[in-house]
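Each of the next two complexes has subunit A plus one more chain, namely subunit B in the first and subunit C in the second.
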Partner chain A sequence: MATAFEFAPAIALFPLAAFVIALVFGDYMPKKGAFAGIFATAGSLLLSLWVLATVAGGEPYNEQLYQWAIGDQIGFHFGILLDPLSALMLVIVSLIALLVHIFSLGYMNAEGETGLRRYYAELGLFTFSMLAFVFADNLLMAFMFFELVGLCSYLLIGFWFRTESAPSAAKKAFLVTRFGDYFFLVGVVAIAATFGTLSFAGTESFPTAAEAAIDNGETLFGFDAETWVTITGLLVLGGVIGKSAQFPLHTWLPDAMEGPTTVSALIHAATMVAAGVYLVARMFGFYAQSPTALSIIAFVGGFTALFAATMGVVKDDIKQVLAYSTISQYGYMMLGLGVGGYVAGVFHLMNHAFFKALLFLGAGAVIILMHHEQDMWKMGGLKDKAPVAYYTFLSGALALAGIVPFSGFWSKDEVLFDALIVGLEQPLFLAAYAMGLIGVFFTGFYTFRMVFLTFHGEPRTDAARDPHPIGWSVKVPLIVLGVLALVAGVVNLAPIGKLTGAEITFLEFWLDGEYGAIEGLTYHAYHEAVPFAEGYIGTETVTMLVGAGLSLGLALAGAGLAYSLYNVPEPVPHTEKLGSVRTLLRSNYYQDEYQVWLAEGLTLPLARAADRFDQGVIDGVVNGVSSVSLFGSGWIKRIQTGVVTNYAALLVLGFIALLVVLGLHGGWFA
Partner chain B sequence: MMIETLIAVALVGALVTFVAPNKVAGKLAFAISLIPAALSLWMFTAFDGSGNALLDGQLAFESRMEWIQLGEYSISWFVGLDGISLPLVVLTTVLITLAIVSSWTPIDDRQSQFYGLLLFIEANLIGVFAALDFFLWFVFWEAVLIPMYLLIGVWGGPRRKYAAIKFFVYTNVASLVMFVAFISLVFGLGDSVTSFALPEIASAMLEGGPGSFAGIAGSTLAAAVFVAMFLGFAVKVPVVPFHTWLPDAHVEAPTPASVLLAGVLLKMGTYALLRFNFTMFPDQVEAFAIPIAALAVVSVIYGAMLALAQTDLKRIVAYSSVSSMGYVILGLVAYTQFGVGGATFQMVSHGLISGLMFMAVGVIYNATHTRMVTDMSGMADRMPIAVGVLIAGAFGYMGLPLMSGFAAEYFIFFGAFGSEMLEYAPAFTALAMFGIVIVAGYLLFAMQRTLFGPYRLETDYDVGRAPLHDVAPMFVLLALIIALGVAPELIFDMIKDAVDPILALGGGA
Partner chain C sequence: MSVPVDYYVLLSMALFCIGLFGILTRRNALMFLMSVEIMLNAANVNLIAFAFYHGNLTGQVFALFTMALAAAEVAVGLGIILVLYRNFRDVDVTVPSAMRW
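Entry: the complex of A and B
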């Protein structure tokens, strides 16, 4: 009987087929190729669910499928790794991709966009790249599809290429992430050269090899093994920081809002940005060998979580608020993974995929309602006119802010709990924890500032008074995601489990391989490898309650402040009272400025200087030498008639003469 | 006799085209060029060689005839292919056919001569890659210069004379240096060689090297010859600082000449480096590894920085060739299977990708009559298909995975990083790899300015879609680029087979 695994390649190949079909025939198809994408992603979703069920039945899968390049010492291949982590992610990605395709019918087709053939083709390619990245069984294949994900986001962010801003944003997204990928590729090459394998799983995998090298006290490339693992791990992390928009490579992401909102939903929830954090989870066994690398992940995450949240506070554009919230939320995932909270990080990755896709699609619905207005100050009062959009958006907002019992609460709480218990024994991590915790307050504030400004109060413009209707293709995805944002937390109700003793942390069991997993790729294996001790305030339960109480209290405080300031009929921009702080925040801490300066103020002048040097000095010497030695001589000058045909004739004659001489000499004509 | 047939078809074709009427010359040359292209593709499938042509390998399509006895040395017509040269021959025949098609639009003057020269250059290029006798090889090597000189000098842009003469004199002086060096080496080898056959010279080199000649000790002679030959070939590649002829030649050359110049002529340099320096002189490679690697890194980074400063699309692609060929040098000096194999792969890959880029720039130029980045914007609006292929080619240039450029660069990087021959290999590799960021920088900036944004171009005519025969060759190249990116083993298999014996010399693998 055919098994799910035999069909697993089709999970990625369906959307690839949709890409080809939409690209070639899109103009002649109903809805310009949308249905090709819908059927393909629906097929991917069904197959992913089948794979999920098979993995749950205790059968993981790890096979090489295709030899890409074969060397004597090492081969590079494509293969598929289906274990609890990748099976879960495949479902998430294909589900979000399907919903985004359906939503696009209402957002792109119904709005009379041109270039839809290109849009659906690129969407298909995007989904293909991400799905292939997710089930990659080795680091090189992961890198390859990681880069293709970058290409697709370049194409889609720049979808409206006739504007000035979209192509610029697309370029920035690719360039900044390429900068990160440079380090990633050096890391791939270094790991391959060191351990002779790039596989994620099995006895011949690079995390296993790294562990053995550390245990044996080997020296690798002149470093002791653990240092070398740290170095290579951090190199790969460069790619993660770029794609997952962590500080300091986050600057591309707010600009990427230039793309269609549907694309933003896909990029932020399930593809491009998720790819980075997913990679850390995928090769967690490697990072677990290096406490230094883990600490850096945790601190980058904690800092980014707080840093981005503060910027979200002062934004006027609804998509900009969501953009900064994405950066911040991925910071939480990094924080969770960095302190060894593998389950917490993956849990938040999943929940965030649902509620962030929901919020972006909700923002898309708002943009339709508002006749393509994105400034929240021109909205207001949409609550009663578009209840479906409102209640689903509210569900996403509650999840984002981390209000119990919405999904985001459970996962964010778990991340912070893991950071806290590690911090109690290694006080350094308390700083990362504190940043994450303070970030919760800002998250609550900016989230509800957005909700109140958009949906509550009185309509502030004609557009808000007379919103454009939204259709079923917009509502259905919102409702599906709205429900998921509310209930997805039930898969891992760790606090309730701890209080009642009930065995209900299903995601933890899942990732721990209780239903089947590949040896070494389980939560337990990771947990043992992570070298951090854990401590408690009193008992584990007390610690948990204190942590949960703190984060929920701060989230509610932030939301409450937003309520008091903005849930009024005619809100005013209170953030103006922040004075120079507001200027700093609205300028995004001048991160863009220095990066643009690095590109345009430093590199470009350097390039121009190099060009002048090249023209003046290097080429000058060449021309100088030739004019002195060759063209300076009067004898040469005489044949230098300047008529090119004469040169040609001379050359051809010379060539023929050479042939004749050689021929005669060799007796050919004799 | 397959190789002779290829060369003869191209030569006879060149003569026929030369006397054909201008009106039919383009189509005629295209039809003729299909014969070597088809034959070489058949040869590719029928390839039965193994090992390295210079190191007792089993040659495919070999033929050898005594030609001239020059004193103690015999010169022969000696041709044959191995896994290194065959892919380059196929690259040549395919690119020639496509270059002919891409000439139909821009070339409207003296067509019969133009297409005749293209076929003439084809014959000589095949000869360069197939010849295994030094004299024969050198005749083809020099003969390539003449048609290229004329293509630039007659059909080129406003400064064509300067560019053509610079190209000709510079590369010719370099050839002279190389020639003198090699002849001294042969004399230094003394009685151990009796012919100019490259395999014989290679084995003489490997079995003891040159004795003293003209009062110079053998080892000094070997080192001096190595350096002189390296410099001679470095001009052709070109390696910084011998590169300044290249942008001038490209800017003035008509599109098809640029396609061939970047696509095949530069590979003559790296091919010769591999055949001579890196096969016959393993000890010298080791001795000079660090300076060569340094030149490679400088070529990559400095070439890319120069590309960043340009505003002429053709100059951008020209300088980026300098950068890409730097990777080839790095791969060669790594002296590992993936390093040297990847360098050879990059020769083919860069031939396809740079050919595609020059064609795409040419198609835009045909429509706009400008190549300046500052003169236009939003071309995607008017020429969606041509621009689409240009974008694909640009990403190929940036080393996008599943395209041949990534495979080539990854092989080189991996091969170089773990090199045992080269000290500080990881540092050199990591530095050179930064080129992948700069290349993205200059290509994305150029694309943003010219292809995207609101449409702007001051013309007194309407810019419309490019004709099919302008874009069709680009699609062929794109298909090949993707095929080699998805399945690099298509050629990497035979490349490895020919490269391995070289590495066995240095004891590496």
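Entry: the complex of A and C
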């Protein structure tokens, strides 16, 4: 009887095959290779579901498949780790990838794009990289596919490479994430050198080794073990901050909107950006050892959540609003993970994957409707003309804003609840919680500003009055995701569970290994390792109700403000009243400017100095050696006279000289 | 049968120096060849003298080989000299000096 795990490599290999097929035969296939991608991702989805069912049956899987290099102290290998977390993520990624492929039929093929062969090939490679990253069983393999994900997003963001902005956005995305990945690579090397293993799970894993080192009070590289774990953890976190677009490396993400909207959906919901947060969840056992690293994760997350949400308020481009909402939502996930809320973080990751894919695909549908117009001020009134797009988009928007009972409410509330209970005991975390909480208000506001400007009111342009129709390939993914955005929250209705005492927090049970998990990779194990005390206002239920009430109230307040300002037939740009604040926000807090200034003022002179050293000293030595030998040989070559007698004389003289040397050496004349 | 080995060595040294002198001072290619032959035979004398001195036949055998080699060398050398003459109408070794820097 073949088990699901024997087919597990195929989950990633299907999209790889689709990549090859689309690349080679794409031009001769119907729909330019789209079907290869659809069948491959559908196959991956089925296998992932099978794996999920098997893991749920109590059988996790952790195997090395291929030994890559073996050294004295350490071996590098490729392997597959299938536990509740990775099985869940595989399903999410392959589902979103499948829906994006289907949507692409309507968004790319039907719109007569060129270069579709390249598009579908890159999409396949992208899916492959992410799936392989998800089931990687060690940090090195994860790093490799992390990089591959970055490469693919570079290719896809720069899909319209003949425009001026897309190639530059692609380069920016690549360079900024690469900057973070540089730290990640150093971290991988540091962890490998310290603990002699890079495995995520098992007794021979680096989180276990780190825990043992801390318990034994070892000194690693001149630091005590906990400090060293913090240092290496923060190095790896560099890669996470780059990929998951956290402050200060978030600047690439809004520019990445230059890519096709389908690609944005894939990047933001399931692949590129999700990879960072997933990595933190994957090696949570390691971060749990270091309160400092966790606090930094929580603060970066909380700050990013608020920071990005404020910028989303003033954007006019529908995709830009969504881009900032993505940064903000990943901030919430980081906040959740940073306060030890492993379940909350993963829960929000899952819900966000659904509703953000939905919103981006919805934005794609809007862009089709609007004949490729993205400025929200030129839309309006699409509600009646495209009800499917409207209601699904609304479902995603309610989830994003965190309005009960949509999925986003449950997960965001859990993140904030976890931050609150930790914050009540460690007041420092209250600041992170407060930032997250204020972010909720802005999220509600910009989300509904977007909805009202796009769909409500009177049509403001001819394109909005006469929208382009959308086909089934656009509607089906929207409906699937719209339903998911509404109901995905039921997997972990923690507040209701606490109120009624019902055992309905299925995701928590799932991640806690109640249906089977790998030893040490459970929520319980993590929860015990996280060193933060938890406090409550009165009882746990009261705290929960207060937290939920606050976040829901703020979300509704934001949405209500947007309603009163923008749900009118002829909305006006109210954000202009903000004056200089608006300028600051529209310039994205001058983040790009200061990064360019850093690059030009610091990196460039450094690079020039290095270049001068290279050209002057290194090359100078090499060139000097060659010119000396050239000059010397110019003179010495003159002994080649061409006269045999001279050669004979030189031979004799040389022989005599040799004799004399040997004689002196041997002590003849002593 | 009582000539000490020193005399043989002196003889061979003298022969070798004569040959060397010839190589260093003569310009005629034929004289060159002859000088080389003399040096070879100086070595032969040495080989045989020491073979005799040690009561070991290896040196004599080697001398035979050297003779055969010398004959072959003369054949090649004379061939070279003939070609030299054909090209330069002369057998002066300082004339063909094209293979220099």
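By our rule, the second predicted complex is superposed on the first by the 600 of 670 C-alpha atoms of A that agree within 3 Å, B and C clash if a C-alpha of one lies under 4 Å from a C-alpha of the other, contacts with A are read in each partner's own complex, and residues count from 1 in each chain.
Keep this in mind: a residue touches a chain if its C-beta (ideal position, glycine included) is under 8 Å from a C-beta of that chain, and two chains touch if they have at least 3 such contacts.
The model shown is predicted, which means the values in this text are computed figures rather than measured ones.
In the superposition on chain A, A:192 contacts subunit B only, with no contact to subunit C.
Shared interface residues of subunit A (contacting subunit B in one complex, subunit C in the other): 642, 644-645, 648, 652. Looking at the complex, you find that subunit A touches subunit C at residues 637-638, 640-645, 648-649, 652. Considering their complex, residues 67-73, 76, 140, 143-145, 147-148, 151, 158, 161-164, 166-168, 170-171, 174-175, 178-179, 181-182, 185-186, 189-190, 192-193, 221, 599, 603-604, 606-608, 610-611, 614, 618-619, 622, 626, 630, 642, 644-645, 647-648, 651-652, 655, 658-659, 662, 665-668 of subunit A touch subunit B. Residues 20, 23-25, 27, 32, 93-94, 96-101 of subunit C touch subunit A in their complex.
Note for the complex: subunit B touches subunit A at residues 67-70, 75, 135, 139, 142-143, 145-146, 149-150, 153-154, 160-161, 164-166, 169-170, 241, 244-245, 302, 305-306, 308-310, 337-338, 378, 380-381, 395, 398, 400-402, 406-407, 410-411, 413-414, 417-418, 426, 429-430, 433-434, 436-437, 440-441, 444-445, 447-448, 451-455, 487-489, 492-493, 496, 500, 509.
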